[in-house]
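After this come two complexes, each holding subunit A, first together with subunit B and then together with subunit C.
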Partner chain A sequence: MIKPENQISIPTRQPAGPRLSIPLRFRDRRRVTILMTLIVLAYITLATLPTMIPSHFKLGTALTSFAENIKIMFWQPHLANTTFITLLGALGQSILLAFLTTLIGSVLAFFFALASTRRLAPTYLVLGIQSLMAVIRAIPTVLWVLIYSVVFGLGANAAVVGITFHSVAYLTKVYADSMDELSPGIIETMQAMGLKKSAIIRQAIIPYMMPSYLSWTFIRFEINFADAIAVGAAAGAGGIGYQLFMSSSFYFNFHEVGVMVYMILAFALVLEIISYRLRTATN
Partner chain B sequence: MNSDVQQVTNFFNTKRLRLSIILVIFGLAYIGASIGLGFQTQSLLNVQAGIAWLIHNFIPNEASQGYWNEIIQQLFRTFIVAVASTTCAAVVSLFLAIIGAQTLTPAITVSWVIRCLSSLLRNIPIVAWAMILLFSFKQNDLTGFLALFFMTLGFLTRAFMETIEDFGTEKIQALQATGATYLQVIFQGLLPEIAVALMTWILYMIENNVRDATLVGLLTGTGIGFIFNLYFKSLRYGAAGLVVLSVIILVVAVELISNLIGRLLS
Partner chain C sequence: MLTVKHLAKSYDGEKKSLTDVSFSVQPGEVTVIIGPSGAGKTTILRSINQLIRDDDGEILFDNTDIRQLNRAQLRQARCRIGMIFQNYNLIEPLTAIENVLHGCLGTKSNLAGIFSIYRNREKEEALKLLEKVGLAEFAYQQCRNLSGGQKQRVGIARALMQQPKIILCDEPIASLDPKSTITVMDILRDLATNDGISVLINLHQVDIARSYADHVIGINNGQVVFDDRIQALSDTAIASIYQKDANSEGSVVHEF
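Showing the complex of A and B:
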């Protein structure tokens, strides 16, 4: 670790003025914060990790069985209860679900972000919308889908609305953050020129935030794909997640789980290549 | 003069045309996806019905007061699982990221192996992790811990690796020129510089894992996710509402704390 600089002192004159002590205190605050956070995290982890392991637990057996299952999954994937075509359809459904929720979410979130950016909206609106979004974000997606599946019935409607809720809350925050980065001088200049709000949005805000809009939307698409799988499994909303849940907890067929995991990984690979291309294209 | 006007008009016309084409493509994609999924657009207009139902049924009533004890206990366990899995994953992934970052790696093959491993861990859906682990480790907190651990390991390794690569090579070379060893470069040069960025990632991941722990709990039958499912499916909506409320409080509290730490760090 680097020693703090106040160890080096000139013997003849002690640095007494506030100018010298401010940067030192500043750096110390950072160090203390990091150390304190690490200590708290380490304490929580070390104190509670042993309590998680239940009594009469044979770690050895569990690990061998885990290794065995992983081996079955990755080395011997084959299908028994469904066909490959069915699974492909289910994967397609999950992808469509992710796409649809991202599309609806990004459009709605754009307007919410306009209403909650510091550059355009009054403070009470900013605070109101951002706290509402924080509360919506705090509820996990699965709970939203479960709640809406009671209202709409189990199926696509509940899944779309549930995932959209979370997407809107997430995207509103990141869009508003990237709009806040626009320098206020530009907007003030445009206002001084007598431009209306709609013109400011079209000519200043949209061109400025377009790159971050695209990259955040794409990131959200990846998250929504993972969410679509999770929601299918935990809330029975269909798609490949549901198939995954059925074969792992009803048929206990890990060969089948392997096939599905490979399919999901293949799609994730495609997404990763696209995101790599996007990043190199924008740089 | 006239040709200038023509040019400007042409410019705006192409711009408008492009915008319309993009809008039409997305509109068609929306309709296609809706039909493919069997999603009815009008249900978006019924969102308020869901909220109304939520407010009507999920208000904790007298009977649900008795559940506080169990909810608090399970909420605490969920929080612990999220924090412990993130911390353990952070330690391992810092090691992996240093070995695997292209600027510090001992061999380029090691870097590629770690890159592939982290991508694999990240992209296997958490549902699959939870289910495989549930089968071997049975229904306890350890299962949830391990599922979150593997996910977080994949994610943080990637994030840490990119942070280290952004650090660049100049400072490393400068330190090496003074005769510093590999370990000295890492502990004296690299870690103090990137500590703030790493901390931010860890805090973000804890926030995320608190939310994901609910999902994992739902799948593996532990923690707050399990009792939500239990109350919800046995139609004890008051108690389920209490669970939702407590999850909101926990997540918002974690977010506020991590914002506070973030502000102290900047």
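Showing the complex of A and C:
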């Protein structure tokens, strides 16, 4: 039953002048602000672009040498300074780094999410934990690894702790969001039957959030794999990232870089297939 | 069994949703609460198991005031109060039997809740209850694949698994087709008559109340305006229960 106030009514505030067409929305200040911001940003970009290009830069030469390097990487991949087995081991190291950080991160994040979902936790915990996590998320993973390398020294330990740290913050947010989506009536029903909190979490919340738990955790695994490569180069954490760094910046051997890029692409393809399977299985 | 005395509740501290509501419910009887929308029916039902905290009064369940219990005691009391909802509130990804078994978790340990550990006796009971509501062959179906009427029957089986002394039903048939309505109401009637459970139902359908209730409580604008056997529910009584009160905005006369 529709109450009169719920019925669709034509806006009473009409644009001035003869009514040619009925507007779909009023001019609102937010849209004007967004438009102005975009115009200003576009102007700044165009104005600073010329100053960024060095004076000795020649577009033609740059493009041809870029094409040359691409050709070396993708059409003539072969190894010089390392063996394929070494690289396979290094790739395995990066994968394990991603796996370990995702595993620890998802377990910790699950408990943080329980403590910061509006369905279970008091407001001060929700706000407190979620803002802390937002701050942690705002700082990029690589930076966290560098920060922890002050404590642990450059290397794998700092990488594990740093990537885990950012994973926890990221996963806490997405897990808590998916718990928030649960209808309050469900939890109330379980409380009305006298269930303990542990039983409510296990019997009501987990069954509902399982599909999104799996898919978000998997997405984070993909992110952590990419981060593990970057961190391998930037923080000497080893793995395929370190090998990439050595070949490209130390030996300048783009043939070798090509091999590694192909290996990483192959693994990314495997991940894509798994995530597709995961999606179709849980839906 | 259940006696409510002088119950009062205001959600915002100003507008009273319940003022001085008193009534009692007998074992083995179906008691129906009727009244216009916004009268306070849901508020009464949810006060009984303290899903909402009321402001004043007494709710005697088995001679103890449920309002005075601490958290642990309230949890224990709730184990014996079944509740059935208009939108069923089942755990849809789980199977029918898993949902029914939730009914006995309140009295079990944390470990049993976390690892879904049930005794064989409890599993047999759950299957028996599903058979009782006519869903034996759906025991291992995910609840999201059941029809509305079937979901409501799983809800009833879950409430029965609590071995309840009273079952509270908030518009249990509002989303059901006529045939499922009859099935569900027949089951609820049978629980009162044959199992001696008190059944308290919020209803909008006066004709259904007539054919199933023993006792009727009429609520209008947060007050009890009728409290008598079903035989005494005359047309004039119905008209006065549903009469529009100038103070209660949004109250609607239901036509049948």
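Following the convention adopted for this analysis, the second predicted complex is superposed on the first by the 228 of 283 C-alpha atoms of A that agree within 3 Å, B and C clash if a C-alpha of one lies under 4 Å from a C-alpha of the other, contacts with A are read in each partner's own complex, and residues count from 1 in each chain.
Operating definition for what follows: contacts are C-beta pairs under 8 Å (C-beta built on N, C-alpha and C of every residue); 3 or more make two chains touch, one makes a residue touch a chain.
Please read all numbers here as calculations on a predicted model, not as lab measurements.
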item	value
Partner chain in contact with A:Gln191 - subunit B first, subunit C second, else both or neither	second
Greater residue coverage of subunit A in the superposed arrangement, subunit B or subunit C	B
Which of subunit B and subunit C A:Phe66 touches, first, second, both or neither	first
Contacts of A:Pro122 with subunit B and subunit C, given as first, second, both or neither	neither
First (subunit B), second (subunit C), both or neither touched by A:Thr33	first
Partner chain in contact with A:Pro207 - subunit B first, subunit C second, else both or neither	second
Footprint overlap on subunit A, where subunit B in one structure and subunit C in the other make contact	1
Touch list for subunit A against partner subunit C, complex	1, 183, 185-186, 188-196, 198-199, 202-204, 207-208, 210
Partner subunit A, residues of subunit C touching it in the complex	49, 51, 75-79, 81-83, 85, 87, 89, 91-94, 98, 102-103, 105-108, 110, 112-114, 116, 158, 162, 252
In the complex, subunit A residues that touch subunit B	1-2, 29-30, 33-34, 37, 41-42, 44-45, 48-49, 52-54, 57, 62-63, 65-66, 69-70, 73, 92-93, 96-97, 99-100, 103-104, 134-135, 137-143, 146-148, 150-152, 155-157, 160-161, 164, 226, 229-230, 233-234, 241, 244-245, 248-249, 252, 254, 257, 260-261, 264-265, 268-269, 272
Complex interface listing, subunit B residues touching subunit A	26, 29-30, 33-34, 36-40, 43-44, 46-47, 49-50, 53-54, 80-81, 83-84, 86-88, 119-120, 123-128, 131-138, 140-142, 145, 187-188, 192, 195-196, 199, 202-203, 211-212, 214-215, 218-219, 225, 228-229, 232, 244, 247-248, 250-252, 255, 261, 264-265
